[in-house]
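Notes follow the structure.
When the chains are written out, they are named A, B, C and D in that same order, and each has its own residue count from 1.
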Amino acid sequence: MNKKIYSFKNDYSEGAHPSIINKLKETNFLQQDGYGDDQFSLKAKKKIQEEIGNNDVDIHFVSGGTQANLIVISSFLRPHESVISASTGHINVHEAGAIEATGHKVCVVDTKDGKLTLDHIQSVVDIHEDEHMVKPAMVYISNSTELGTFYTKDELEKISKYCKDNNLIFFLDGARLGSALVASGLSVSDIVNFVDIFYIGGTKNGALIGEAIVIANESLKKEFRFLMKQKGALLAKGRILGVQFLELFTNDLFYELAKNANKTATLLSKGIKDLGFGFLAEPQTNIIFPIFPNDLIEKLSDKYDFYVTDKVDESNSAVRLVTSWATKENIINEFLKYLRELV
Amino acid sequence: MNKKIYSFKNDYSEGAHPSIINKLKETNFLQQDGYGDDQFSLKAKKKIQEEIGNNDVDIHFVSGGTQANLIVISSFLRPHESVISASTGHINVHEAGAIEATGHKVCVVDTKDGKLTLDHIQSVVDIHEDEHMVKPAMVYISNSTELGTFYTKDELEKISKYCKDNNLIFFLDGARLGSALVASGLSVSDIVNFVDIFYIGGTKNGALIGEAIVIANESLKKEFRFLMKQKGALLAKGRILGVQFLELFTNDLFYELAKNANKTATLLSKGIKDLGFGFLAEPQTNIIFPIFPNDLIEKLSDKYDFYVTDKVDESNSAVRLVTSWATKENIINEFLKYLRELV
Amino acid sequence: MNKKIYSFKNDYSEGAHPSIINKLKETNFLQQDGYGDDQFSLKAKKKIQEEIGNNDVDIHFVSGGTQANLIVISSFLRPHESVISASTGHINVHEAGAIEATGHKVCVVDTKDGKLTLDHIQSVVDIHEDEHMVKPAMVYISNSTELGTFYTKDELEKISKYCKDNNLIFFLDGARLGSALVASGLSVSDIVNFVDIFYIGGTKNGALIGEAIVIANESLKKEFRFLMKQKGALLAKGRILGVQFLELFTNDLFYELAKNANKTATLLSKGIKDLGFGFLAEPQTNIIFPIFPNDLIEKLSDKYDFYVTDKVDESNSAVRLVTSWATKENIINEFLKYLRELV
Amino acid sequence: MNKKIYSFKNDYSEGAHPSIINKLKETNFLQQDGYGDDQFSLKAKKKIQEEIGNNDVDIHFVSGGTQANLIVISSFLRPHESVISASTGHINVHEAGAIEATGHKVCVVDTKDGKLTLDHIQSVVDIHEDEHMVKPAMVYISNSTELGTFYTKDELEKISKYCKDNNLIFFLDGARLGSALVASGLSVSDIVNFVDIFYIGGTKNGALIGEAIVIANESLKKEFRFLMKQKGALLAKGRILGVQFLELFTNDLFYELAKNANKTATLLSKGIKDLGFGFLAEPQTNIIFPIFPNDLIEKLSDKYDFYVTDKVDESNSAVRLVTSWATKENIINEFLKYLRELV
């Protein structure tokens, strides 16, 4: 049990937005078909199609990000094909080899901020020249990234064009898409124009579980449910994914929740900046990396939970602070007050 | 949307037992660590260990049956090893090649009732004689089976001994373990003595999602969470699995729910028998296969949902009727009344 | 060391036809590019294209049959797709799970003579109805089969049409294609019209190692060398495969060797028939299955090597006798003489 | 066809040492059992055990390096385990994702000379801290390396101790082991003391094909032939591998051939040094990387075949020159004479 004042470890420390729980309760005894053929999933898909402004996209709900990543990547690559990722990409670091377990190499490139540029992608393509090497066939980006940065419209447009020109599938991991959209001012209908396939993260934006995979590219749609089933992703009670996404995309709840996460992070980073501290990367979304003296970190740890991620020099380290849909402003104010007392 | 009186298609047509939903609501805003390190999962594991009467078993929660099967089987077999299953086994028929996708052959044998006997197992072992063939290294049974039958204590004991003597891992798929336990009079602590690893199905016995994998064999425990993560089975909000299993194993709810499923099935099969109809297999748990004339089936279909599974002869077919934790006796009585009117 | 008069165990008991060994010697010091880009491989491919009468087919050399099968099958199937095979098919029984190790299920059907018919194929297709099951996407046949039978032109034509109509890839394992062609009166240019991809077996027809994979279907040609490399099949000294196939397709050596294998088998089966013995399957190529009394088998075993494959009744068993490109007529005559002495 | 004076592209440009070809011819008609159970393979294994001075090691012959690597690595790792390699390692760059295709991540680290040190290995181990990441469980080195360097006794000893202490399998890729042994003054019996498993490369040291895998660690021996079969590595005519290794380890042929490769490379590098040119890495075995002006490279290319590997600056590049068991001194002298004329 968490005995501290608050945990900034993750944006999945709480359950779900209350209206989602209520909807689960309300619909609980309506008998439904299994495996995603329930009326809630069907309605939620319609709703997301409307949000996107395109009834032709295919939508599938799965339970988590690693599951979404491994299904998407393994479904469309031939055995000798690889996926290009930033070295900080979730698929490279934190999925216990999930992609390789499906048979595919992740070709990585170091970046300064977790974001792939055309130069990065080109550099990977350039060194793969013949059949003794894997063939890069997909570009993977996370948006927002593992470092809390997001892609601008222009950046996405460039990668999109490059991928089309070079016959690469463009896949966007949107485990934290809400925060990226809110921060960048883009909408899901912008995203769908740039990428071949992406997903809308529910778990980290107010749902209990759930990611909505959106397939924009016609050629990728075929028999996707077989591939979900094979990886154990077709939930018998798929209704619980449908109910949640239906609620998230009713009355803009999805965006409201993401706004709260970003807004409280901004409040937090502003307060920290005002005290003269720097950051590992410029704060952009709901994950920030302030640099604190080690003894200050120790004192903060007595009352707050968070991860220390990088040693900056002998006496300073970067910590990762994550706000969520559920973080309240007074929590931030209280934290900042405590911080001011300590410095 | 389901416009009929009732659906006997599955035991996962409803949501969860109300007390589970309430518990999710009640605990919703308590901040918790992710990926199964939450207090609810820890308590639920303790609770199940107590139920089993053994604090040394390892317990892990995953979201569904196919996921549990593919993780368990791929975690312990070397690449050339295979798993023995009844040809009707879920892993052979209804998992879209999930086991093969992890690299392993399923060696199947036909049975009369979905249950493996020593003769079945021996017959598979016998024909695998050298390194040109796979090496059977695991026995998979489902209990209760896909045909609604269950294993007796004596049957489990025999397979258990055979597996130990022949160096085979004994794995029990308990997606419907509740109904099997109630029907056989066995407990989870009986099961744990016979098998190396099994799981306790929540999804089909009153939870929204969730199967509890129990590892009894010490040698299989190591680093199992890596394997769960790799297959996308570590939920960020693992708390929702913990909360549900904690509730299921409080006040015997798990058993009460299974009893209701079996009891209503028994009421149903008795009523059908009384009308003179036969069955594909002797009704034993919550899945029954009565044989009806085709024109009767058509009339029943107007008001009830169920699957027609087997053509018996030109004018008769077997249908699959499934009751659940949520099926009420009056639903059965109403169905039987309608049936009597039709015959 | 083999102390017996002769071994009928296999058609790969000897090395290679002397002209092949001589060619290896003769070309030994000519420097060549690696991995199949040598002049001998290039010439051999041209030669086989001429033999086929089609310069558009792609040809690749690999070292053995299991390697050919696993590369071909895994290269063209998506993860959820399966291959249909006779239960006696080499990929199902004698490849230690090689196909499953690449992630794909082998859907099998029992046959009377090792040959798939349209009914067999249809029966597999029929029971795979939704995304909870694998999707059959390829038909695999071996010709000649593991039981020594071969497909007629008409039979191949029917399967070919069915596969085209049902969007199935038609793959022919030709580890013993030579014997099948000679027996059926078909040519490789007949074969190429029926199938999408097949291979021409060298190992069992007079080469040291080597199978020539022929890709007829344009859509399967792309980047095949990547897939060969990934499975360890691109030999650094690919020249040795080129040299051998160049020699095999010079002066009809390939056909001459197959003729010898079939001819000596025919002599053998005729002699056995004349003594009144029956066969498990009607002898058609270079593998025959006479049924002998067990005590006779024991006596034969003193002087000859062969496999006992099936117990027919208490006192009789079937044995497998294989002749090869290297079997001489006098060996057969001697065997028959000895047999006549024993009965 | 190669119209140039000589190719320094590879050490597999010629066929096999003549005595190997002769032995294949001489033994050609002796009937043998298949799949490595022939007398030549058995004798060759005995011979290599004697050379190693240990009758307990298991020995298996396969046809090539990528095949050896993928079988060894996939046979002993559990699904979540990874292998540590230099970023220049063959398994990381030039095997078309063969290791990932078996399900395992290759964890790479940059080195200056293609050689792993304890610091490199430790750095990989250090960052893999929990179940969200793969677990490094094997260390892979190639000796000699892809950059022509070799490991000293002391370096091997240190890695060996580290692996034992940290429960890592130590695997040595010996595709060019001959040149490494000759250069380092070590023997195969030294190697066997340090590693758990390694292979002795035949293909690049005078054989047509063939690598001899040596398993020193008792716990890795079990059922290895199943794994070879599954990956398509059990050749029907395994005799051809046996015959070749038997010959290589008769009268020290293996060492004589490696000596020739190293000696001619030394002659070559000395001549190049005398002309004042530098090298990308200090020449140590049979692969050297001199740095030449680009216009000189162009002129050399008219008469000689070799790879240009690295752009050093605007006007200079490194080329890769490889000598082999078959390279004659006069070829080197001729090359050097031509080089002197050009500078």
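Keep in mind that, in the parts below, a contact is a pair of C-beta atoms (placed from the backbone, for glycine too) under 8 Å apart; a residue touches a chain by one contact, two chains touch by 3 or more.
These numbers were taken from a predicted model, which means no experiment stands behind them.
Peer 1: When you check each chain against subunit B and subunit C, which touch both of them?
Peer 2: Of all the chains present, those in contact with both subunit B and subunit C are A, D.
Peer 1: Of the other chains, whose C-alpha centre is the longest way from the centre of subunit B?
Peer 2: The chain farthest from subunit B, judged by C-alpha centres, is D.
Peer 1: Between C-D and B-D, name the chain pair that shares the greater number of C-beta pairs in contact.
Peer 2: C-D
Peer 1: Approximately how many whole Å separate the CA-defined centres of subunit A and subunit D?
Peer 2: 43
Peer 1: So what's the Cα centroid distance for subunit C and subunit D, whole Å?
Peer 2: Taking the mean C-alpha position of each chain, the two centres sit 33 Å apart.
Peer 1: Just curious, how far off is subunit D from subunit B if you go by their C-alpha centres, in Å?
Peer 2: Inter-chain centre distance comes to 51 Å.
Peer 1: Please list all residues of subunit C that touch 2 or more other chains.
Peer 2: 79-80, 95-97, 101-103, 131-132, 134, 226-227, 229-230, 234
Peer 1: Any idea which subunit C residues touch subunit B in the complex?
Peer 2: 79-80, 82, 93-97, 100-106, 131-134
Peer 1: Which residues, counting only subunit C, touch subunit D once they are in their complex?
Peer 2: 1-2, 6-7, 9-10, 12-16, 18, 21-22, 24-25, 27-34, 39, 63-71, 95-98, 101, 203-204, 208-209, 226-227, 229-237, 239-240, 326
Peer 1: Can you list the residues on subunit D that touch subunit B in the complex?
Peer 2: 35, 74-75, 78-80, 102-103, 131-132, 134-135, 223, 225-230, 234
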